[in-house]
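Structures follow.
In the two complexes below, chain A is the common chain; its partner is chain B in one and chain C in the other.
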Partner chain A sequence: MGFWDKIAAIDRRWIYLLCAIAVVIPFIVPVSLPVYTTPETQQVYDTIEALPDSSVVMLTYDYYPSTLAETEPMSRAALHHLFSKDIKVVTISNIPLGGPTIAERVTRDMAARYDKEYGVDYVNLGYKANYVAVMKGMGTAITNIFPTDNSGTRLSELPLMQDVKNYEDIDFIFIVADNATADYWVAIVNSQYGVPMCCGATAVMAPKMYAMVGSGQLQGLLGGMKGAAEYEQLVGHPDRALRGMDAQSLIHLLIIALVILGNVGYFLGGRQRREMGQL
Partner chain B sequence: MRRTAPVVTAFVAGVLVTISFFFNEQKTLIGSVQTEILNWVTIIFGFALTLGVVSITRVNFNKIKRRQEGWFYSLLVLVSVFIMAIPSILSSSWSPLFGRAEGSIYDWIWVRFSEPMMATMFAMLAFYIASAAYRAFRARSAEATLLLVTALLVMLWRIPMGEWLLKQMHTSLPDWINVYVMNGFNLAVQRGIIIGAALGAASMSLRIILGIERTYMGKG
Partner chain C sequence: MTTYSVFELWIMAFVTLAIFSFLYKDNPVYRLVESIFAGLSAGYYVGLVWDTVILQQVVTPIETDGEWWLLLPAVLGFLLFSRLTRKYSWMSRVPLAFVIGATSGIYLTSQLQGLVLPQIRTTFLAQPVPGGSTDPGMMIALSSIVVIGVISTLIYFYFSHEHKGALGVTAKVGIWFIMISFGAHFGYTVMARVSLLIGRVQFLVEDWIGAMTGG
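After this line comes the complex of A and B, so read on.
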């Protein structure tokens, strides 16, 4: 077995170890390189900036805890932006596994920082099964789908919801999602009710969402942790996403190096075998 | 009857919702049918979740009773399901430990167990991806080479260190990747996929409405 064959057959546990080191080191020794803002993130920021004070924005928590590293910083940065502009926020989740709990925890935490009052400045609608029916049903009346909020309080008892009956009373939707619900928000709520919206999506989903930004159905896009980091930088609250960029940088560079090494080994190993008459 | 009733239900619901889509739901009766049926779906979905809990309980309980292989994991499943579900269903007016608010049993288990465990499972993907990329991502053909080079450029573009490196090569290189790769080739291909998937979904829906496709009943 030649040198390059040995490299190609390296025990995968060495690769795992390198990955672990690449993730841990940046948290001990941060590099904090500046993050370049993509036009799609700038669009999100500019659109929210252009909303008048006291507008009503629906913020969705359509993500599972597995993608919290990418999505929660988007929600937090969005709330920084919205609450700092005195915009009213209605939160909702189409994900049963954690969505409403995450919405409750993150929104209440952020609201406390801006002295926002529940029921007046923000409301958490919670979760209802079958997101297609939920999205469609809220076009007629939100109370048809959510007679109560996430804590069981009737919407009629919440001052904010006196003026928010259906999509006509919602000025903008900020989707944060890690799954296909984002497509349905666009297909049902944007296309059929004309509500403008933007999307914060995981890096895996982001390429697909470019098509919707290009068509004007989405007013902007936050793609993965990088998008979240750009948005944190724009709203002036550097937080978890910007901290995570160092680890993401190193792990990307490691994977790139491994791919290059694997290909060098593949070609040189082949040549070595041919020279040894094994091919 | 067991085969006919679901087909007739699918046909009637499908045709009504399709026709209803073209009418104003607030001004016409036929337009409001769609919303009404979708409300029913939400309620039925809630019952389906309950049915899921009953099913998971029955399957795992039988496994424990018969001491089948892995019965201990079934026990863990049942304990987890009920320890999360029961306190969260009970009213928080009885005790702050009930319900789903901060400080409740549900919230405590969720924040300390469920969230970290799910995040850990997902994070492990990074290790597998790194190992798989090393072994499988080879420039075996012109197409594979093109894919590989594009992937490496996009990976560099998505990180601050990579952006810095790309800018050293050419100051506009990150912008070109955004304009030509993401908003050019990627956008065109994604639109093709979305349109293709939509046509596929439309044709599948038509097959279900007309009763040609019956696999949803568990039969071909």
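After this line comes the complex of A and C, so read on.
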């Protein structure tokens, strides 16, 4: 067995161990590599910056707990930006498992930092099943879909919701999603009701969402943890995403090295076998 | 930090490590945690839908506002369960007809109006040049690449004629565009999966070990 065959037959658990080391080390010894802002993230920042004070923004928590590492920093950075500009926030979740709980926890935590009052400065609508029906229904009347907020208080008792009846009263939608709901926000709410929006998406979704930025349907995009880190930097509140970028960079280098090693091994190993008459 | 918070942190750390243990090999602790997750998710989802749909959108409006007409969609929804019996399964066709009709209408218009037409329109518009340059030569070049990419990829998926001659050459160009697209998607997927690992390691190092060491 040649060298390259030994490499090809290596127990995959050694690779897992290498990946684990590459992720852990930057948290113990931070390097703080620079993070450059992409035009799509800058566009998100500029669009929110251009919103007048007291605008109403709908912030979605359309993600499962499994993608928190990418999405929660986006929500937190968005709330930093919105609350610091005194923008009213209506939160909603179209994801049953975790979404409503995350929305409640993150929004209340961020609101407390900016002394925002529930019902006046922000409202959490919570979750309703069937996101397509929810998105369509809110175009007519939000109270048709959400008679109460996430805590069971009737919307008619919340001061902020006196002026927010349907999409006509929403100035902007900030989607944070890890699934197809983002497509439907664009396809239904943007195209049929004309509400401008931007999207914070997981890296898996980002390539598809770029097309919607190009078509002008989205006013910017935060792509994965990198996008979240860029936005944290722009709003001046570096947090978990930015701290995670050292590990991200290191493990990308490791993966590139492994891909090169694997390909070199594949071709050289084949030549070795041919020379040995095994092919 | 309260005793409850510490207990919560330890549970989260235990569950994370139990799931990671599968990377070494399958084991009973991993399977226990996996089963707890599946059971909890199913139970939570049923409870959530019961509360947010049945109670909030049917029972409460009927009780407080006397909106008795809501019984109609509720009964239609209930009829879906008739599929569980052979004798009465035909009754489920009535609500299914509503579901299929409404879904087709909503999806057809939203996909066409919201995704297909805007993307076709954008394909034939001048593409923005990275860096904000307005050099017309560069814009024409980029737009041409997009148009060639879209047309050649569509031709690759045209199977009514054998891919020979000009059709074959164009389909081969399409394959190159598809491969480049796969590469971009794969790169982003790697970044996404790595981010999830980073999130859990960040929790273990910063939150769990950090809390234990007072860091």
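As a working rule, the second predicted complex is superposed on the first by the 279 of 279 C-alpha atoms of A that agree within 3 Å, B and C clash if a C-alpha of one lies under 4 Å from a C-alpha of the other, contacts with A are read in each partner's own complex, and residues count from 1 in each chain.
In the analysis below, a contact is a pair of C-beta atoms (placed from the backbone, for glycine too) under 8 Å apart; a residue touches a chain by one contact, two chains touch by 3 or more.
Since the structure is predicted, the reported quantities are computational estimates derived from the model, not experimental observations.
Peer 1: Could you tell me if A:27 is touching chain B, chain C, both of them or neither one (first, second, both, neither)?
Peer 2: Once the two structures are laid over each other on A, A:27 reaches chain C alone.
Peer 1: Who does A:6 touch here: chain B (first), chain C (second), both, or neither?
Peer 2: After superposing on A, A:6 lies clear of both chain B and chain C.
Peer 1: For A:188, select first, second, both or neither according to whether it touches chain B, chain C, the two together, or no partner.
Peer 2: Only chain C; A:188 stays clear of chain B.
Peer 1: Check whether A:203 is in contact with chain B, with chain C, with both or with neither, and answer first, second, both or neither.
Peer 2: In the superposed model, A:203 contacts both chain B and chain C.
Peer 1: By the touch definition at the top of the document, which applies to A:128: first (chain B), second (chain C), both, or neither?
Peer 2: both
Peer 1: On the A-aligned overlay, A:113 touches which partner chain: chain B = first, chain C = second, or both, or neither?
Peer 2: Touch status of A:113: no partner.
Peer 1: In the superposed arrangement, does A:68 touch chain B (first), chain C (second), both or neither?
Peer 2: both
Peer 1: Just to be sure I read the superposition right, which of the two partners does A:147 touch: chain B = first, chain C = second, or both, or neither?
Peer 2: Second partner only, chain C.
Peer 1: Can you give me the overlap between the chain B contact set and the chain C contact set on chain A?
Peer 2: Shared contact residues on chain A (touching chain B in one complex, chain C in the other): 16, 19-20, 23, 39, 66-69, 96-97, 100, 128-129, 132, 136, 203, 207, 211, 214, 223-224, 226, 248, 251-252, 255.
Peer 1: Taking the touch rule as given, give the residues of chain C at its contact with chain A in the complex, in rising order.
Peer 2: The contact residues of chain C facing chain A are 23-24, 41, 44-45, 48-49, 52-53, 56-57, 60-61, 103, 106-107, 109-111, 113-115, 118-119, 121-122, 127-128, 130, 132, 181, 184-185, 188-192, 194-202, 205-206.
Peer 1: In their shared complex, at which residues does chain B touch chain A?
Peer 2: For this pair, the touching residues of chain B are 25-26, 32, 34-35, 38-39, 41-42, 45-46, 48-49, 99-102, 106-107, 110-111, 114-115, 118-119, 121-123, 126-127, 129-131, 133-135, 137-139, 148, 152, 155-156, 158-164, 174, 178, 182-183, 186-187, 190-191, 193-194.
Peer 1: Quick check on the complex: what are the chain A residues that touch chain C?
Peer 2: Where chain A meets chain C, its residues are 13, 16, 19-20, 23-24, 27-28, 39, 66-70, 96-97, 100, 126-129, 132, 136, 147-148, 152, 183-184, 186-188, 190-192, 202-204, 206-207, 211-212, 214-217, 223-226, 240, 243-244, 247-248, 251-252, 255.
Peer 1: Would you tell me which residues of chain A are touching chain B in their complex?
Peer 2: Residues 8, 10, 12, 15-16, 18-20, 23, 31, 33-36, 38-39, 64-69, 96-98, 100-101, 104-105, 108, 128-130, 132-134, 136-137, 139-140, 144-145, 150-151, 203, 207-208, 210-211, 214, 223-224, 226, 245-246, 248-256, 258-263, 266 of chain A touch chain B in their complex.
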